[in-house]
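Step one of this worksheet: look at the structure below.
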Amino acid sequence: MSDNVRSLLEQVKNGQVDVDVALLKLKMKPIEDLGYANVDLHRQLRQGVPEVIYGAGKTSEQIVGIISSMQSNGQGHILITRLAPDVASEVQEQHSLTYIKDAHIGYVGDMPTKKTESSIAIVTGGTSDYKVAEECAITAEFYGNRVNRIYDVGVAGIHRLLQHLDIIMSAKVIVVIAGMEGALASVVGGLVDVPVIAVPTSVGYGTAFGGVTALLSMLNSCASGVTVVNIDNGFGAAYTANMINHIGESK
Amino acid sequence: MSDNVRSLLEQVKNGQVDVDVALLKLKMKPIEDLGYANVDLHRQLRQGVPEVIYGAGKTSEQIVGIISSMQSNGQGHILITRLAPDVASEVQEQHSLTYIKDAHIGYVGDMPTKKTESSIAIVTGGTSDYKVAEECAITAEFYGNRVNRIYDVGVAGIHRLLQHLDIIMSAKVIVVIAGMEGALASVVGGLVDVPVIAVPTSVGYGTAFGGVTALLSMLNSCASGVTVVNIDNGFGAAYTANMINHIGESK
Amino acid sequence: MSDNVRSLLEQVKNGQVDVDVALLKLKMKPIEDLGYANVDLHRQLRQGVPEVIYGAGKTSEQIVGIISSMQSNGQGHILITRLAPDVASEVQEQHSLTYIKDAHIGYVGDMPTKKTESSIAIVTGGTSDYKVAEECAITAEFYGNRVNRIYDVGVAGIHRLLQHLDIIMSAKVIVVIAGMEGALASVVGGLVDVPVIAVPTSVGYGTAFGGVTALLSMLNSCASGVTVVNIDNGFGAAYTANMINHIGESK
Amino acid sequence: MSDNVRSLLEQVKNGQVDVDVALLKLKMKPIEDLGYANVDLHRQLRQGVPEVIYGAGKTSEQIVGIISSMQSNGQGHILITRLAPDVASEVQEQHSLTYIKDAHIGYVGDMPTKKTESSIAIVTGGTSDYKVAEECAITAEFYGNRVNRIYDVGVAGIHRLLQHLDIIMSAKVIVVIAGMEGALASVVGGLVDVPVIAVPTSVGYGTAFGGVTALLSMLNSCASGVTVVNIDNGFGAAYTANMINHIGESK
Amino acid sequence: MSDNVRSLLEQVKNGQVDVDVALLKLKMKPIEDLGYANVDLHRQLRQGVPEVIYGAGKTSEQIVGIISSMQSNGQGHILITRLAPDVASEVQEQHSLTYIKDAHIGYVGDMPTKKTESSIAIVTGGTSDYKVAEECAITAEFYGNRVNRIYDVGVAGIHRLLQHLDIIMSAKVIVVIAGMEGALASVVGGLVDVPVIAVPTSVGYGTAFGGVTALLSMLNSCASGVTVVNIDNGFGAAYTANMINHIGESK
Amino acid sequence: MSDNVRSLLEQVKNGQVDVDVALLKLKMKPIEDLGYANVDLHRQLRQGVPEVIYGAGKTSEQIVGIISSMQSNGQGHILITRLAPDVASEVQEQHSLTYIKDAHIGYVGDMPTKKTESSIAIVTGGTSDYKVAEECAITAEFYGNRVNRIYDVGVAGIHRLLQHLDIIMSAKVIVVIAGMEGALASVVGGLVDVPVIAVPTSVGYGTAFGGVTALLSMLNSCASGVTVVNIDNGFGAAYTANMINHIGESK
Amino acid sequence: MSDNVRSLLEQVKNGQVDVDVALLKLKMKPIEDLGYANVDLHRQLRQGVPEVIYGAGKTSEQIVGIISSMQSNGQGHILITRLAPDVASEVQEQHSLTYIKDAHIGYVGDMPTKKTESSIAIVTGGTSDYKVAEECAITAEFYGNRVNRIYDVGVAGIHRLLQHLDIIMSAKVIVVIAGMEGALASVVGGLVDVPVIAVPTSVGYGTAFGGVTALLSMLNSCASGVTVVNIDNGFGAAYTANMINHIGESK
Amino acid sequence: MSDNVRSLLEQVKNGQVDVDVALLKLKMKPIEDLGYANVDLHRQLRQGVPEVIYGAGKTSEQIVGIISSMQSNGQGHILITRLAPDVASEVQEQHSLTYIKDAHIGYVGDMPTKKTESSIAIVTGGTSDYKVAEECAITAEFYGNRVNRIYDVGVAGIHRLLQHLDIIMSAKVIVVIAGMEGALASVVGGLVDVPVIAVPTSVGYGTAFGGVTALLSMLNSCASGVTVVNIDNGFGAAYTANMINHIGESK
């Protein structure tokens, strides 16, 4: 692969290929085709973070293969989301994988020792939002962020939230995770001056509609500064929060 | 009509008809058929409040006719909801009607001078909820309730709500009126110990879906003690609030 | 905790802190953080009823821990809703818990011996609404209410309902529980002059949509005085009914 | 056209074409192609009633042309539904058309003088259902049915319905027309032993969803014997009611 | 019970109670309260057919009890719909029950030997609609109707339908049962001149939405004379078809 | 622009740039930025047909500018869809534009004189589908296709469809356009052996839901070979039909 | 059967029956009624491909019977879709059936040795779309098409797609299979000049709504030339793709 | 007001009130009650930006009053969104207001002269997204951000997007605005390594469902780093983008 890159750069130097095309080519090359998957080996360069394996609907064989492909291309830090316990066990027979069952998340490689100065606050409405919150927290930590967990502070007892206001307000970005009516996002959004990423959860019954009500509530927040991700998408919230939290950090 | 009632009561006295049947007949009789409407003249007895005319989709001729029928049967206090301004004008040519344009509501007869000791608090999220709130407030006042209006205290600036906490908490029943994500119902519901009737409004755009999001949010409130009525149904909330507020009042 | 309260009250007495702030502080303090939950120990004062544990999605360990925390803070009466039978069994190994399997509800402490003079009527459309009705009835009884059960009186055979009209009409507040088309709420609402709290149930198939049809029907009741809670939310209906039924009762 | 039919019948007589094919050909032939429409001139034979023109979205020119085509083929009785007043006026310049503005319906030819012995009962929940009810009633009368109108007897005041029970029960088929929660269909369906055709109407607001709630309610009726047509489809209900009402009638 | 009826009739004879009240009382009385169910023992009189037990969500104990109550009140013919095989087995230990597993339907008593002259045609789109079709057919037969089954004639191969046109057209009423896009109802409705009752089924996948697409399609049939029941409601279609098919039959 | 292309090709010849990159560059270059629009001048090469202007929501000034830009780049044949009559008039003041009001479509340049040997059949369910059908037909003709229009042959009178079977079956591809329940697509799809492109239309009322019912019906067609486009998207159907109809044609 | 056909053709020759009727009869005859199914034996003639058995909801006995009926009528190539593994095993005891478990598809007879010159490209967004893609690919191959699989090239790493552009662009028709937001259909559609058939898949969670989001996205593609089939309908896409791919091929 | 603040601070200094309470009080005080609105005068402190007036549903009198209240409290920079042209004209009679009609947005005070070093890229799919894009752009500029507009680069012609990749990639945060299928958000999200805020617009017809399809598509983006706001909510996207873009900027 490096030969290709060198020759490409030489073409640029010689003026044979302009910079745009070269950039494009760089972005487009490094894929390994495993048959069942096109492993994207340049993502760490292109998007600043390693490839994440979406574990749902993949066999343990496929996941093992993708990890091997990545490792043989020098990627030692790999995150796997929505990884069922039984699949995780099978993967662990082949690779050294840390698995957190509560969050259905696993990772290859060590947690980073260096963390950001600034922090991400993860705030949940209730105990039932725990799984989504941990998917979010572990992802954020795996990406090198300092994380503050403030769990079970839903608006039905708003004093619990107000008690933790200082720690919430000190964050550079806040993830609010709530099911049922999702009002917590609006209340937090109205109190702080940093971006709030709202994660609706499928907690609730009847007209909670598996998280749709919380989602709609968050999309219509009367507080400004709230953006939303898919239901139960703790990973997605962490991904964006990580981007924001790293702005201005010394590398 | 009174002849029927007398004869019925005599039948009861003679043991010819038992009390249940008599009660049922009493409930079923007093209807005047105008062709276009079956005016229900005993509702004040049966449900404690006068017949209310739902103005939407009725011509001014029909409304005039129904008012006349009621008045000739001794009902001097009549409320008309969802009454369009032009229809109201035409009705006013035939009857003495007080019309509040902002709330699209009108009434025949005077506002009651005697009010309840206890009060109904009407709390809104924003200025745009004004119309629904006034439909609610005027209905409640027409039914003899003391009403406290606390408007524009939505959760995006929760301190505005907390400032009015004392007056809200002193009510016997609270109506919370909000559009967008409707989070106000949950926040109020979590702070008080009296029934909260939540009215979703059609305020908002996009995924506010004309009030559906606020409705769903309110139905899934993580706070207990919150019940819900139809979107923009200020009248319905006032009707139930009136029932609750009159409990234990000296008649 | 009492030290904090005493010093706060002294501040008030000295004029150092005004009454509002003191009240607010009183409402905001008494929380015990168990890590997985922020137990709210002042709710009985703030909302008149003890904390209720929403059992769904909680492990038996978490529930056992929350009960212990409450008991060690002097709360002897605890209600647990949506408690699965197997979780209940595990809780019973640690705490004395009365469990009613049909309603998936349990409670710690005795049922109150003193009941309200006035009663709550719980009316259901069919036999299939039994579980939701019992969740409602047991909650109401646990809160000290006299409860009248009138089950299986749906509108397909309206004479069954009319037969029980007297007992229904004697209630201070009525809970109507029905699935399918939920018409029972409208029929009851049209006959009585007390608040009707309607609970749609997930009974039915096809376009019953798991209770959505009954919910929509109840929200659009042509009868006034009907408010609605979430699908299958027997607890929520009982909570509000309890508030209403206690109005005017001697304490 | 008659030449074709004769030759076809001769083919059948000669055994050249079997009966099935002949029937099929008879059903398939009599169409006049106007360019903008394929006028179906045999419908009266095939389905027992004349072609009905669905007026919505047709120009007055198109309607005039279709009427002319029908008349020149011997069809003197023509019904036109969903005919806007201005289009009706333009049609009336070319054809003798009776137009009923309230029901947006018109017809060419006289109302039949002979009516069925048995009757269709048309029952509505409120005054606002009037337009749909009249579309239904006039269609039924145009098809030669005796019609009984029982309007404004919704379940919020169920005694109004019970008062008219005798006339409702004497019908051979009942059309129930209601908006909002549409509970009337269930109540009527539970009281009678003849087919009930339920027509949801778009009356209501908010979660009435333009008739969807009434439709869902009617589809889930706990009473048996209720079938449903599209929202506001008074014509469709009359069409089926006419079929049922004519069963067993002397021709 | 008979004493009550006799005394009521004597009251009528004496003129003490008028006919309407007597009829109403007759309709309202004969209920046996089993605690878990209010068994309606007069339905055969009121609606012409015996009480049907909706088996879904009832325990075998409850069903056994209801059957016993009915039998001890002289009702020998009982239909039980949506009866799961295991519950049916348990019921069969107590009562003589004929159970048809494919249709999840059972009945106590013999099939009637006398059938109607006229027939009900039951037409299905595909083999997968079989269960719903048999629920419909057996119900209709249990109510004494001659039934013609025309299965698997969906519009994808319309010649299959046209082949059976004669038998379909000879019916007094037609039930069309189809899933997926439900187009069969429109095609049949356009060919015949008798009432068509359409039953959408939950057959299909993806945007078939469990029968909602077929339901919507049937409600919007461009053919007149089509009415619709709930998804998979074979019983409901048979119930109405039975009513229609018995019109004009010698009793 | 041509300079760029020549130099690019020289780079390819010299081996400086490989074929893929050259192709990509060719595809990516020819855009004229008008500020309000990025006019795509190579589309005729890339996709075989000229750029189509989607007229909805564009001012006449913008449309005039885009046409000018295209013409000055040598594109003489331009189609404009969803062009309101008043906007069309304003465009006609600047450009020679043929406008077909019924289809809200316009074009610059002449209709092609050479047409395909094979034909596209456009089949509609009713007269109300005319506008969508003409958008489809004119688009197809503008792209050089022979088009057969078979209008108003819906399944309520299926003999009308069967009469035109020969002409329908002779097409290389069929567009079926229908509203209400959209059953026509399934019936046609079951009779022919060429691709059927189904266009649901917004014709209908109530549960037609503005075309959603027809769309769902078409997506669930029990006939194979049916693909679907967006509601009222006559242009889109014509676009794909044109692609198919040109396969195997001599250029 | 052949006797019927001969006599029919003689009738045509003699002028006793015209060509249209003869064609219609030919299309309508060859059905074998198995009781549980009407096997359509002429479909290969009428639509160019053999009958396909939709395996979902059919017992192994029914499938075995249908295969036997087809084979005894000379159809040696039979495809069975949505065939569960356990049912497939039972069928294999009676018939020689090739079964591909990953695609839940089976076939009787050999794969065709002769393939089309032109090819169908099948493009998927991710590994999770594999099952639907293989249902599509095997169907297409069974119908004699050359198939190119380009899997796991979703838009999140658009360079993966661009790398395979040449092979995609060389196809005569493209099937794009994607879940989640289904954006791949638009991107491919904007790059190519051949018909794109889009298959939304049920891959995703939360607001993916089981494929509805991908479906809606594909229906609203801003790229022209995209038509859509039902969610997960790989078979349907292959069926239409096969039709298109065979145009202009030498038979 | 300042008196209150001073006394509060003295209480803090004296140790009578602790810092948390003081902070809370500071946040809760500065509200001016205009009757129709509770103007929030401390928002600039609390959330870093001035109060924004949501113009929809407010009269010009109300808006004039709110502006006056703000100005008399020292707020010179005021933004008003969703401001209709006629209301804007009336406001301009009382206040110096800059109004941008295309974006339905206005502001009081000058645009800031100092801008951020880093930039926000605003990318749209088509010309029809212009209004929402300008609401976003002007809001961002009013908050002092450097803004790059890249309009009309939808995925149907993906080369248009790739051409602008450099400028897009140089932004600190990107707002993607698109209607129809909203695929642009995924494509951009897959190419960049900064936060992408996606704004679905109501552009499209039929199953675009007024922006819902674009919203769902964006929520299910297979690209990470995409968060979403309400349909057409250009303001909301700008608000969050502003927060992110200011991180690390020298104040």
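Things to note:
A, B, C, D, E, F, G and H are the chain letters, set down in written order, and residue numbers restart from 1 in every chain.
Convention: contacts are C-beta pairs under 8 Å (C-beta built on N, C-alpha and C of every residue); 3 or more make two chains touch, one makes a residue touch a chain.
According to UniProt, the chain labels map to these proteins: A, B, C, D, E, F, G, H = 1-(5-phosphoribosyl)-5-amino-4-imidazole-carboxyl ate carboxylase.
Quantities reported herein were computed from a predicted structural model and do not represent experimental measurements.
At the interface between chain F and chain H, under half of the residue numbers involved are used by both copies, so each side presents largely different positions. Look at the CA centroids: the one farthest from the centroid of chain G belongs to B. Measuring from the averaged C-alpha position of chain E to that of chain F gives a distance of 49 Å. For the pair chain B and chain F, the distance between mean C-alpha positions equals 54 Å. Averaged Cα coordinates give chain B a centre that lies 59 Å from the centre of chain G. In chain G, the positions touching at least two other chains are 24, 27, 126, 157, 162, 191, 206-208, 212, 215, 219-220, 224, 230. Those residues of chain A that touch chain G in the complex are listed here as 24, 27-29, 31, 36-38, 40, 43, 54, 56-58, 62, 82, 200, 202, 210-212, 215, 230-233. Interface residues of chain E facing chain D in the complex, by the touch rule stated above, are 20, 23-24, 27, 46-49, 52, 162, 165-166, 172, 191-195, 197, 215, 219-220, 224-230, 235-237, 239-240, 243-244, 247-248. Here chain E touches chain F in the complex through residues 125-126, 154-158, 180-183, 186-187, 189-191, 204, 206-209, 212-214, 216-224, going by the rule given at the top. Interface of chain G with chain A (complex): residues 126-128, 130, 151-153, 157, 159-160, 162-163, 203, 205-208.
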